[in-house]
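Just passing along the structure, written as structure tokens.
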């Protein structure tokens, strides 16, 4: 425990030093962060498997509460996830940070950001928790503003910090409710007192809003696709891959740990929001043409999937099906790990593309597989993993979620009966759309012919960045091949939160994944992989041995209509056009207008597409408008004459006196 | 007694001396020295507390206020010493005015300290009037159209407020007379609070209404706030810092004293709900008004109204937690807001304007200043690791357990204010550099000192201080 | 499980894998033949697909100039993925040795992986037709795959398992009886199967140079052995889907191979039954494709949407009322 | 004796309220100033009467200050300002006179109503005095609110202050009355000087506050 705290403190120091020294600062900061996060990762793992939770109270913060820290298995698990991804990001940063033009604005805050993330999960009282939570928001806001010259970055920063503060304040209300009038701010005290169902229900909804706003739950996600892409890529990776997970942690902590058994209706709400988030997130991602924004929207989708898992766990826990809850929660946490790994990988890739070409717009890229072969390979793995393709890790969590959906216990609630299958459909839809979305991302960016000079002249990125990407790719493959290891590692968390855990997977024959029973369903990624290797090898060998091996390069055939101009290739927008027509036409009121010049006119034909952001228009724009309107309405009060001001004071006095007269 | 002489006598003496010294360099230094002496005298009050009398009282409550106000007075005098010479160079002030300025600064310090230590509610009133008059003079010191208008507005509204407060004070005496008899004791606060249970509640109620409106004007509560933004915006920046950091507190202190009195009388109205309503109104109104501000100092002046709203709200909620949080918020607001005004002063001097639209990208052109401003705004909006977060945490969480809807109102107000400040901050501190990029000439030290204190308070509150505050919180009821 | 038992089951598994590989082109030839006969043509020989494959394998590969390594490896991977998926579907016997490495969801995802690679390969050369094919394929898959998964969910809810062998055995035992959900699922599965294989009314498997093509547009740049791999994968996929429908909805005649001992009689009976089912299905497919016309691309989502809705309806029925 | 002293005090306090109404009614500046002088004179009498009743010699000083300072000096000074500024012929009124008067009556009623539950243990004298003083204060505020001209506002403020003085004088044995009234007089003096000090005429071309308000900070 002390070691972990020291590690976090050391991160703060590293940041401080990074701000002071100028020479060699990037290397120092990133190497320092890399080493420290690895140590913290080890600390997290040791806490995950420790027999008893470690706890520590320091006389900081509010004195009569103190600063409580506790490392139970769940905290340990999330600590490990955070620092694993953070180590990757730091490794990536060693290379990436060198050609970052606003380096100095990042160096101080980057280690602080890591420290704040770590602090959130080890906090064991409401004050320390919110302190770390808001610190995390504040520091990441500073990181988002690193490229502050662009107006849209400043706008993103604004929306981001507003939403983050909103989430912090809502969580503050949650804790205020849980702490009660006596002010039981320590989590241990909250655990000890079980609130009444009504209070627990309100607290749960507040927690959902508070953490959802930070995780990017629809409709509270609007800041996410603005803020995540605005930050430097390794920070985007952390924000998407890790910070959203911290919000998941907070929700789990409040729901399962502090509140005890969640009610069934709350599970319905979570399932509805999770399903909506997954579906809308990926649709938005499909329509997006900006590499990093696409990834950010995909984060929204993945958060939805995780919330579906959590919702299922809540539903099962409410119906008393503990093993089902364990299955669903394992699926959710598995997805947490997965997403932390492959989303960081994908953002690294996007960063590599950005630093190699200076472009984020997919429609100006293309053909990068030739120029950045290793980056392309790692991105391919990442794209396949996030599309839930076996034998990579993304598939496992999705498979587990489906297994949970398929349990079909006797559920008490009509809402659940309707929502669970509907979420199944949404999950399936989201998975399929993800595939399409990442075909688009990889295909348009890395395949085909370069669409701009920048893409034509790109060079492979430095070796640290490549190492970080390849390591993440290897990890996602490993997790896909040996998912049982992670399931077993999750067992202490399950026991802590639910009292039961899934059967030990490493004892299963052939290292298969058998969560409930072999008859219900099993999956063996390792064997699938081996089969693939063997059969691919076999077939290549056979074909090359017994059939032709000659090969000739020639211009592309293209059905006899080859066009040398790369502009004629499919772009991201054209690739997504069928899907846009199918899904977005009604959902986002996406609209296309085609202008064909009359015959004889040499003007170019134009196609224009618009899709207003409905959620923004429905929820955010009215608030902004209302505030602006009220502000304008009240603004004349700044310019009254002195006489009028006196009249106001007079009116206040008379009102009070009249009130007094009536009251007496 | 020596300590008291330091707190009261030194400013009075210094005021006379400063009025006589023609050299502004010397007087600036003398100003700082006098403030330092007052501050050290105030610190010594912790250890040796003079015995009170019918006129003077030093108890747990006002020691905090005295130390705070002499400290901010001291740092402000340091800031002002390096700041004001630049004003001389640009020709906004003449040496004569500077002489007047320094004398008035000490008069104001004297007035405020006198208000804080006075046991007699009449003396309290006189002292606050003195402080008001001296600040009116300083607000108008630039003698531009806007400055004069602001000063006149401040003067008229402040005078009406102070007159109403006097009427309230007389009513208090009338309520107390049957119980205490006439004489000096009848206005001594220590005697009043001891016998308050026997006072006529109806008279006390009327008195409190007048005191609330009267001193509330000086606190800057909506709807009596009108003088505040202009006075902050048009006066010299050190004065803005002092107004926000000190004068509002002194008026608040007076209000708190009378609140204690009222709570001690069982039949009187509960002052809490009134304060809650006014506090919430100030918070929400200031939050909205922040959006259309174009002058950077007026912006932060409205933020002061917002914070006074929060503080009054917290004291209105009362209870050990509410009072503690209110005290903490008040101390930290003083420190933070004066630090922000220091920063804004630097900015305005460098850029030669207070128009937000003409200022931009400070974090790039002046990294240290820009980031200090960012830190200040983050601190004032209640983000960790700064102290205001702690007090706002306590206010909201303790309120929510008792009156959920009120807490929601506070949250809305905080978000409103955050939004407005953030919008302005992102164009002032970030983005393309706008305006001149000359070097900062005034001293950063006071600003850093304040921010460091606020940061430390966010992470660690010393146990003795907390025990002290808790004790006061219980006293406040 | 004894060593000999292991060997026997390995042989059985290997035999199954070999068998599906062998039969797949034949099925394609058979469907073509049926269609030709229905159109009163003689049609090519049943063995024509084998001849095509041999010819393609012997030819030189003509590779587009900017094709990457992905373009070259994709055919083999696609083939391998489809083959594995096909071998996981119980054709003549349930509970083969490696049947538990993956359940229905895995099978769908393996096909999904193959499609992922194919769509990427279509984009690799950077031609307009490749993009067109990939884009449409993705659109079709985005609806077909969830529909398929909903069907899986329906089955799994009835049977309590996603394991194909278990499902087949359960349904063969007749415990489930006739259910509305099953009927809905069958209709949905047929629609999805047609879409997955690029058959009428979704796509025309026997044409290039049609602006509505999907699958053929993606493999337009392929030649030689690469094309052979893709053709073989396509025919495997057709076999797979038909086998899948047969295994779920018409599971009669299958043998059980789980205890390591395979009785030859059962196996031969199973193979015969399987052959019979393929024949009937192939004939039906040929008939269907002769009768029906191809759809406009943007009417496809409607049809697939119906399949998805049917799947969802089937699931909902199961959740809401256990009897249906 | 008790009865007479009570009646006289009440008479004087009532006279003060009446004068306030009179002031409210005036539309010309010189007239307002004349009424102000009368107002202060009545106050001085009231204070002196209290000094006599309470046998409190300090109150005589207050009465004297009031007489000299407020009844004579300040009205005179204001009169000069008005002359100098050349606005003595101006007629100014913002709100409808009738409504203003009606509001004034309402305010008096309110102050009586508010004071009704007050139970003064010892003497009825104070209660009435305070009620009337409250009326004068409120009427003074009303006057400030309805007047536009800086001079008439100062006059209104003075009448408000007179109400406060009345209350202070009525409060038996109140300490520091003299000190307070001196402090207040300083305030008023600065206020009057302020009209010069702030060079309202020269800078703003008029003493009219609407003109003064044209310079509003944020509208730059």
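Structural remarks
In order of appearance the chains are A, B, C and D, and numbering begins at 1 in each one.
Keep this in mind: a residue touches a chain if its C-beta (ideal position, glycine included) is under 8 Å from a C-beta of that chain, and two chains touch if they have at least 3 such contacts.
Only a predicted model underlies this, so the values are computations on that prediction, with no experimental measurement involved.
Without subunit A, contact groups among the other chains are B, D | C.
Averaging the CA coordinates per chain and comparing them to the mean over all protein CA atoms picks out A as nearest.
Computed centre separation for the pair subunit C/subunit D is 99 angstrom, with centres defined by C-alpha atoms.
Taking each chain's centre as the mean of its C-alpha atoms, subunit A lies 44 Å from subunit B. Per-chain CA centroids place subunit A at a distance of 35 Å from subunit C. If each chain is reduced to the centroid of its CA atoms, subunit A and subunit D end up 69 Å from each other. Shown for subunit D are the residues that touch two or more other chains, namely 114, 117, 141, 144, 153, 212-213, 216, 218. For subunit B, residues that reach two or more other chains under the stated contact definition are 152, 156, 160, 164, 202, 206, 229, 292. Those residues of subunit C in touch with two or more other chains do not exist in this structure. Taken together, the chains touch in the following pairs: A-B, A-C, A-D, B-D.
Those residues of subunit C whose C-beta lies close enough to touch subunit A in the complex are 57-66, 68-70, 76-77, 79-81, 83-84, 98, 100-103, 105-106, 109-110, 112-113, 115-116, 119-120, 122-132, 134-136, 138-139, 141-146, 148-150, 152-153, 156-157, 160-163, 166, 208-209, 220-221, 224-225, 228-229, 297-298, 301, 308, 311-312, 315-316, 318-320. Residues of subunit A that touch subunit C in their complex: 366-367, 369-370, 373, 380, 384, 387-390, 395, 399, 402-403, 405-406, 408, 411, 417-418, 420-422, 424-425, 428-429, 431-433, 435-436, 438-440, 442-444, 447-449, 510, 512, 518-524, 527-528, 531-532, 535-536, 539-540, 543, 546-548, 550-559, 561-563, 566, 568-570, 574-579, 581-582. Residues of subunit D that touch subunit B in their complex: 114-115, 117-122, 126, 130, 133-134, 137, 141, 144, 153, 157, 160-161, 163-164, 167-168, 171-176, 179-180, 183-184, 186-187, 190-191, 194, 198-200, 203-204, 212-213, 215-218, 220.
Taken together, the subunit A residues at the contact with subunit D in this complex read 638-643, 646-647, 650, 653-654, 657-658, 660-661, 664.
Here subunit B touches subunit A in the complex through residues 152-153, 156-157, 160-161, 164, 202, 205-206, 209-210, 212-213, 217, 223-224, 226-227, 229, 269, 274, 285, 288-289, 291-292, 321, 361, 363-364, 374, 378, 381, 383-385, 389-390, 393-394, 396-402, 404, 407-408, 411, 414-416, 418-419, 422-423, 426-427, 430-432, 458-461, 463, 466, going by the rule given at the top.
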